[in-house]
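A, B, C and D are the chain letters, set down in written order, and residue numbers restart from 1 in every chain.
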């Protein structure tokens, strides 16, 4: 295996990339100039130095000149400390931030728990979540929103999280809520599944 | 134009059918036997004789031996007379019925109103709706659910219907509700639009 | 099952139509006026009266006022009697005619033979083909072109046809040819399969 | 713009990658360990050191311990020196090699010429092609195969190349050939365009 094949193998491990596109990427890089490649590899190398993980919400963020290892959301004094939304991935957090409709704090699990997984605590930041929730519950936290997508693995993860949080929920009398279910933008009634119709009826307003 | 071309033209007017598939349909029919074709055309002819439009909800249904011109839902005594759901098309009603989560009555508009349409009342059963609502409001009707898909034309239609119903809403103190908005089955948080996130947060529970 | 369900079942048997679209077709027909439906069913009924099968090439065509049961191509004196192209379906013949690059005669098999089928002669007009070829070979026929798509079932059919024609090929010294293989419009070299590359190289010019 | 955004921008320049997938790549890299990232960036950096461009056919290849700057195909004594196939990209060459049906030599243009482009010689290795062809024509070269995909830009490039090669074609009496056209694997006669049918008929055999 030469460098072309080895690099093709690495690109094949990228999410959503098959063997053909992986090879196209390699040939694409072959035709770039030195500056492009140097910038590319130095940015990849910088990722692990410049990007650190927030010690409160566990999202990735650019270190900058901050003294505390907290991201801009966790470090902000203008966010509502009463509400914490637990999301699976950084990219979910980013999309919710873009909507400008949530002003609470977040916790990023770093993934979801595969159904019937034997070591779920190794797939997500579970201990870190418990610590963060306890710390916040001792102050102002009142509600935890489970901010998950709607699919079996996400629902399994939500159930798993609720169970793990149960002692803290009882101890601090925390409210647990799920994102509302119903028709989303673009939903056609004609093609909606039973669950969506049930939720759309239940949550009518 | 021979029969093949003429029949191809008609199939081209079917929803979602282009010229190639229209022609395939004709050649498909050419290879069917007489019994198949006879059954096909007699069923099409029967449609207008056997299928009538319900004089209360305006959905299509098979006449059968009934004396009153009402469909099985409108004729039923086991449905909740307090709630009326207005839907755009028969096929929406059918899908909601399949969910078994709604036990009220329906009204089928027969379509939606195109945005800025000059004669909206010609596109939908508007007068019939007003009559049906008034009749029901004089008895037990308390809530009208707008059972529409989530797209601009459906939302325009909902607004138009509310305005048209306004005098009756006031007169009989009716509650108007929309189907709940939020995450539907399969929704990925990462790709949700701002509106869906807003509604999912607002309707959290 | 009422007429709506029965007609939905029939539309489901149409090529490429699933249950949802079948039902849409029925509701579409329900909203057509009487004239549309009358024209539709009378055209379907006419198919079997006005459209007959050519006794030479076995394609379907509109009878018209002709005395002989031959289609316009078989009845024409301006077509090259030296060449006969065997195709699977009427729709293949039509597409080749549209190209205006073939001026010989045709024979429509009426389908292809499924691989390992036990009664291939019941799937296609085999005896009719043998008769038509013998009749034409006694006059001017010199070449038979196998005008088939490129997929396993078509190639199996081509082999089957050659074997069946073999005695006539020998007796009349007929030339058998296949449509040329190689790159077709839109083919990307990067994605071509081995067979196509082999043929493109062999048939280079 | 932080490293995440900058790296997202670079991935967006990769062929076929939009903003969402670009960002997924970055988050994917964020969750890789140091070894993965180190191997990734060192392979990218090696590309320009280990991968060199063959001075005869202008394809990319791994340098290895060779003394001459020729790839394994150009350096091989078992390839047919009579035939040279000109292809647009390395990936075309690779796919043709995989078919094992071509045993001649290659020349990789490095791209195609956009239609009506003002400086076509800057888009492809034109001068290098002329030198390679002249050098080979002085020895054993007899035929040049234009190994291009079938689309307008490729056909424009083929015409451009023929014109540029014209003096050498005349001087050395070279044969110019195109890859054969016709039905390719999977082609359906029913959907073939006029050009493909014309070529399939012309190249029948």
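In this text, contacts are C-beta pairs under 8 Å (C-beta built on N, C-alpha and C of every residue); 3 or more make two chains touch, one makes a residue touch a chain.
These figures come from a predicted structure and were not determined experimentally.
Trainee: Based on the averaged CA atom positions, which chain is farthest from chain C?
Mentor: Greatest centre separation from chain C goes to chain A.
Trainee: What's the call on chain C versus chain D, same or different interface residues, using the half cut on shared numbers?
Mentor: same
Trainee: Compute the distance, rounded to whole Å, between the mean C-alpha positions of chain B and chain D.
Mentor: Centre separation, chain B to chain D: 55 Å.
Trainee: Quick one: chain A and chain D, Cα centre-to-centre, how many Å?
Mentor: Between these chains, centre-to-centre, one finds 41 Å.
Trainee: Residues of chain A touching 2+ other chains?
Mentor: 89, 91, 191 - these are the residues of chain A that touch more than one other chain.
Trainee: With touch defined as at the start, can you tell me which chain D residues reach chain A in the complex?
Mentor: Touch residues, chain D against chain A: 2-4, 6-7, 10, 14-16, 21, 23-31, 34, 36-37, 39-41, 43-48, 50-51, 60-62, 64, 89-91, 94, 110.
Trainee: Can you list the residues on chain A that touch chain B in the complex?
Mentor: Result: residues 87-89, 91-92, 95-96, 98-102, 145, 147-151, 177-205 of chain A touch chain B.
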